Amino acid sequence: MTTGTRTRPSTGTRDRRRGGRSRRLAAVTLAVLGLAVLLVPLVARLDQSQVDLAAASLPPGLAHPFGTDELGRDVLLRVVYGLRVSLLVGLVAAAVSATVGTLVGLAAGTLGGTADRILMRVVDGFNSVPHLLFGIFIVALFSPGATAVVISVGVTHWMTAARIVRSEVLALRSRPFVDAAISAGSGRARIVLRHFLPHLAPHVALAAVLMVPHAVWHETALSFLGLGLPPHLASLGNMINDGARSLLSGDWWPSLFPGLFILLPTLAISTLAQGWRDRTDPRRRSELQL
Amino acid sequence: MLRADGLTVAYDRHRVLDRVTISVPPGEVTGLAGPSGCGKSSLARVLALLLRPAAGTVGVDGEEVRRWRHRAAPALRTKIALIFQQPRLAVDPRFTLLDVVAEPLRVARRPLDRAERLAEEMGLTPDLLTRRPHEVSDGQLQRACVARALTLRPRYVICDEMTTMLDASTQALLVARLEEYRRESGAGVLAISHDTELLDRWCGPGATVHRLGPAEAGPGQADGTGGTWTRT
Amino acid sequence: MIRALARMAVWRLVFAVPLLLAVTIGMFALAKASPFDPVRQYLGDRALTTSPEVAERIRANWGLDRPLAEQYLTWLGNLVRGDLGDSRSLHRPVAEVIGDRLGWTLLAVGGALVLMLAGSLVAGVLAAWRRGSWLDRAITGTAYANEAAPVFWTGLLVIWIFAVKLRWLPSGGLTDAAATTVEPGDVLRHMILPVVVLAFSQSSWLVLFVRESLIGALREDFVIGARARGLRERTVILRHALRSALLPFITLLGARVPELVTGAILVESVFSWPGVASASVQAALSADFPLLAALTLLATLAVLVGSLLADTAYVFADPRVRVLGVS
Amino acid sequence: APATDRPARTDTFVAGLGSEPDSLNPVMGYGADGGSLMFDGLVSRNADLSLRPALATTVPEVKGKTVSFTLRSGVTFHDGTPLTSKDVAYTYRAVLDEKNDSAIRGDYAAIESVEATDPATVVFHLKYPYAPILQRATLGIVPDGSLERSGFEAKPVGSGPYRFVSRTPGDKIVMEANPSYWGGVPAIKKLVLAFSSDDNVRATRMAAGEFDAVELPPKAAGRFENTDGLTVHRVPSADYRGVMFPMNEPVTGDLAIRKAVNLAVDRAAMVKTILAGAGRPAFGPIPPGTTWHNPAVEGSPAADQAQAVRVLEEAGWAAGADGVRAKKGTAAQFTLMYPAGDSLRKELALAVASDAKKVGIDIRPTGLDWDAIEPRMSKDALMMGMGTPFDPDYTNFETFHSKFAGKGFFNPGHYNSPEVDALLEKGREETDPAARKEAYDAVQRRIRDDEVWAYLVFLEHVYVVRGAWTGVAPSVEAHEHAAGGLFRNLAEWRPAA
Amino acid sequence: MTAPSRLRVDGLTVRFRLSDATVQAVTDARFEVRQGECLALVGESGCGKSVMAHALLGLLPGNAEVTGSAWLESGDGDAVDLVAAPEEVLARSVRGRRIGLVPQSPATHLTPVRTARSQLEEALRELGNPASADDLAARAGLSPAADLDRYPHELSGGMAQRVANALAVAGDPWLILADEPTSGLDRPLVDATMAELRRLADDGRAVLLITHDLRAAERVADRVAVMYASRVVSVAPAAAFFAGPRHPYAAGLLDALPSRRFTPIPGRPPELTRLPGGCAFLPRCDRASAACERVPELAEPPEPAAPQGAAPVSPADRQEVACHHPLKPLELDRNVAR
């Protein structure tokens, strides 16, 4: 019998390194996109809405790295402009709906009883009215524009987050450590802030990240109805919708590139959110080394 | 005086305590013993105002408690500190040990140095304070919970099996610390334990040790009779 | 516990009536405030060549010129008598429109729900279990891409692969174009693609949430406990970690139903599936009060039942929820 | 290559259509222009759009304010009941009945009353002399009392070459050949109209062999070109798109601006890229190649920027620093609205704006929904679309007559020309075709001279048909889809040998 | 010939990597648990007992580094190194089946959303044990009818402990790692649990009993190992240990019992992130000398505990201690007498 001394190595460092790389990549991606969105409109000498029928539907090439669409507009430039609109709408709407949802869910879950009953029926009520109708109405109340779209997405999409948050709070609030916190003199607000929120954060973050592309599409639907931003202005969703028509004639670039650029920031944000969660989750290190 | 009169506790119609009466006078150690599952921890939770009894009253320094958990006035809640039986469950896994100990101070907006001092008194080394609960041993966590209980200088300390996870030496250390605190502040201590030897040693002569029978055994009696015996 | 659940159900019933009233009133108000003119939507293409007098007359016939309260009360009165009115945009009694289509939507949405449930559980569990592996990356990447991509891309891709290239499945319709009867087998074949696309397109949330909460659960002590007992990995993952991570999943199942219906709209139109979802868009856009109100009523009932089921399921999924009660 | 390997179905023909009729009731407007295969009108149209008798034995003459039709004998509805003048009178009265909310009631506003004098005769009494009444007689005839009977929508009964079998709303309508059709039994025994609103999906389903014929946007049809066994039909239409100018606004009210826009737009490029070749440049409301077209109203399909600039300079619109011209402090700038959901109009609007920019006119496109557009039409220009090939009175009367100025979508630009008013009225009342032609020629010329619109393009509708057929007779189509398109005479299609 | 089965831990070392420090949780542990034997492992809170138990089952978190070896040898010559064995081997054939674990905080090791019964029955089923859940529960001191159908949060501390005890033996393991199996139990239950463990050992199994309850250990343990600051500092037969421990720390520990002096060992335990170079007990030890700057090896003390001239000591009776100045066996007796 041999008495080999072998080692069960720590997987932690390797994991951290790999996670670190993808997080850095995500951060760089977001930074580049952000810079492009902020700077390109300042320095670009091309007009994103300039139609040039003679140069329509050119495949990606040197003059137009992403090609041109069926009206001869430069897809790259429009993607940058579109990102501006869509990122703004997506991020703000996601933040709004996640915040509202979290607040309502926390309130319902922590207060319980009648407050819970009423709040959850309000959630049901909001869920019952067709989202589209609701969204349309909100936009009509304000004048069409980015603000209206953001509010419309926010108002129609907070319910999912609210329900998730509430369900988690229901499970959390009977945990003994909450009792311990109460016993230490903590009031409701403190328990919510210091004990519930950190536990809920990953779920809320995930819901918010998922809301980003959703909001982009919501904006496009409204714009198609003439209630969002005018459909000839570049937004990623509008571009994909427009590009879909040329799909069958084999022109993939006018719809593929904007599609990629909805995905890219979403993935980057989600990677960052994951990293943040892993850093804050105390149990990250306690995962077994399997 | 922290006292409970005719306490009945039931979980979903399953009755755990049946008309139990107990009192914890300030400045003294009161013992509580009883078989496993007889309702000691439940009684402790009621006394800490965390669980609303099905019947009976709880009085803190003569004031009858009408609201429980969050609703009880924070001043009342922090008068009574409960050291939970299962430390792993009683701490938020996201807190560092220092956060755990200092939480009551943070709530009360008091300086945090007392937390570190207490932790040290309980034999926790400084390197432990930055770790999270699952990175320390159960005994270390239990000591953090004891330290937490003492941070706000409570008038009553309820120790629910405070020393189950501790070796004899640390056990002796903790009991000594608690006794020190009791003598210096005049707080009342309710010591819940199965370890009669420990209770004997801790409570000393003249102290009351309540013995809780299983709930089926009928009403728990007032001091000095029935299931309770007083050491002389 | 049963009593608690019964009490909860009774409370729901108590709340249901005012909620239904509130929702329908809200819906009427919304439709009224909608920028879309029902008469113009009704006239469609012809709106441009119809004289304003004709349009006015139709408006009057529909009672649109009367006060909102009166319109609502009339509608409510008819409803109580079991008359849902006539759909303006579809020129048929609302009951008939819904009766014709509801079944197909329920079939598709129900199928999708089941598929989505099973599929996303499997995918989410795999991703969480093999966290950080290429499998996880593939699953999460697909989930995000799926959420970012429009449904019609997915639909087209699937049609192109399975109907055009492989020719395994029909690409649209309820039955074969030439069929005049509705044969179950035929419907089943036609159902596959829309149901799969619908389930797939709506599953991102579920997959990612299952993954998320399972990852959280896998870090808990009780998983170590289960492993220490020598239970099979499958048991540990499914019966311990997943079982305790189900709460958000159940919630999502309940909360995503409205989204599922929204998704159904697109899928129904891509696959020419004769469901009620596409009719609901039409109703919303053309401010077709009677149809819209009936559909909203249905939706409210569905949402109420859904949330009741979800809350009941909580209690079974996590007994700790019981302690302080679900209202 | 798309499916050609599918065994040819001779008995069943599946046509893939983009939009589904809301209603199958002619009274509500279904196939009013003869586009229904389930219903016959009193008259129907030949491929060249000339009228021919259908349920009527002859195409009658309009005499002043009355016209009477004699019915073909022995015609029965699909349910076997004979079709009589009572049914005809019922149908028209139902359309005119205000209670029925018929969308096409306005089109029949000229009718005072309809009388069934005997089982084989119906007499129309008109409110005013109205030459196009015969064109309106293509309306399908429904059985007496069918609106009062519930279930007509669910199972419509007509007298046409096909009878209703079943309908799955959102999916398809199935019909079968009427074995006792007076006009002869159709060769296609079973006809399925399958609906699929997504253009790409329709094209894909065609490729997958599920459809025998399909209507497609030009780009999607491109891939079927030169494919064995498939024929691509491009059918010209009277459906035009153009910029409607508000005449009372400072900028668009200026003839020079309108003229310059008309000169600056590159119609050839629009047809080539935006329409993918499926269209023709437009210079007036009546399509070339139809009887009523005035060939004198023509222009250059390519842009003439030099001429546009000259016109502007002459009128005093001087070039400004930012490239936008101005005249007496007014910038040559206006808004061009387009319906947001209509991508064709959006693209045309963008193209117009780009072209105009080159000559110093700043046009700002705005996408809105129709309800937002309506109140703004007297202020802002609009990318409009209309046109029917049937009678020049249709739409043009309301669009250019000053008495309709500002009434809904009729003459929204407030065009006001007494001369045109008179000519339109003459055309409407006159029954002599030659005199009418003369009047409408003059109307077209005046509109052209006044540059009331900047007409851009006439569309062509594109169809792909599988297999070889004889009897396919496309005719110029209208803006509305009530004429059936290529499929209007499916009953006469015969498989080629 | 079949040799007795045993667990042979040799140089087992566990390090936790933290962002700013390394925790020396177990250092060079060396001991054996033989068939039929109950080895009690005692020591100061936080000295590494539970970590060692988890290390033996491969259940340490991702930031742990385990070196050394721990051979689980069965009578038929089959041996597996628990440190080097791949996860599948541990999962399939070791955990639950050959080594059962009673975790220290039993309540957190129970899945919160399932009843005790369902978890117990599941374990029995998966581990192929035909015994009934009720029997097992009854043996652990639970009342099957009243207690088993509860969810973990409805169990009292002692009940959770008993459930954990029952679960640990569900797979009928050869070795039981019992980490504080009696916390929260009242005296009769403690006695019953200890008797049960003793019975298991006598049946040819082995028990590694980690406990603070020295009185209970005294009754069932064959030998006692003492850990201090991550090292095993003393291994001795139970009788000898309780009669007179050789290590100063062990002596102090016994002295602190409520039934004895009830005073803590003076000084503070060392930080495991910054262990001193020499004997870790040095700062608290009244016998320290310059020699203690060197880490003492675990070895037989100079004066054997066994009476002079007796037969050679069997391995089971051998005493080992890691101290440069071990106590004489009698020195403690004096204390006890007081």
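A few points about this structure:
Here the chain labels run A, B, C, D and E in written order, and each chain numbers its own residues starting at 1.
The working rule: a contact is a pair of C-beta atoms (placed from the backbone, for glycine too) under 8 Å apart; a residue touches a chain by one contact, two chains touch by 3 or more.
Please read these numbers as outputs of a predicted model, since none were measured by experiment.
Among the other chains, E has the CA centre that is most remote from the centre of chain D. For the pairs C-E and C-D, the larger set of C-beta contacts lies at C-D. With centres set at the average Cα position, the gap from chain D to chain E is 91 Å.
Separating the centre of chain A from that of chain C, both taken as means of CA atoms, is a distance of 21 Å.
Here the CA centre of chain A is 44 Å from the CA centre of chain D. Chain B and chain C have centres, each the mean of its CA atoms, that are 51 Å apart. Shared contact sites, meaning residues of chain D that touch two or more other chains, fall at 200, 204, 369-370, 372.
Chain E has residues 59, 61, 105, 108, 153-154 in contact with two or more other chains. Across the assembly, chain C contributes 35-36, 152, 156, 220-221, 224, 227, 318, 320, 323 as residues in contact with two or more other chains. Those residues of chain A whose C-beta lies close enough to touch chain D in the complex are 49-54, 56-57, 70-72, 223-227, 230-232, 241-242, 244-250.
Residue ranges on chain D touching chain A, taken from their complex, read 199-200, 203-204, 217, 219-220, 222-223, 266, 269-270, 272-274, 276, 339-341, 343, 346-347, 349-351, 353-354, 365-370, 372. Those residues of chain B lying in contact with chain E across their complex are 11, 33-37, 39-41, 85-89, 120, 123, 125-128, 131, 134-140, 142-143, 161, 164-173, 175-176, 194-198, 200-202. Looking at the complex, you find that chain C touches chain A at residues 11, 15, 19, 22-23, 26-27, 30-31, 33-36, 132, 140-141, 144-145, 147-150, 152-153, 156, 204-205, 208-209, 212-213, 216, 218-220, 223-224, 227, 247-248, 250-252, 254-259, 262, 280-281, 284-285, 292, 295-296, 299-300, 303-304, 307, 310, 314, 318, 320-321, 323-327.
Across the complex, chain C meets chain D through its residues 35-37, 40, 42-55, 57-58, 61-62, 88-93, 96-97, 100-101, 152, 155-156, 159-160, 163-164, 167, 170-175, 177-178, 180, 268-275, 278-279.
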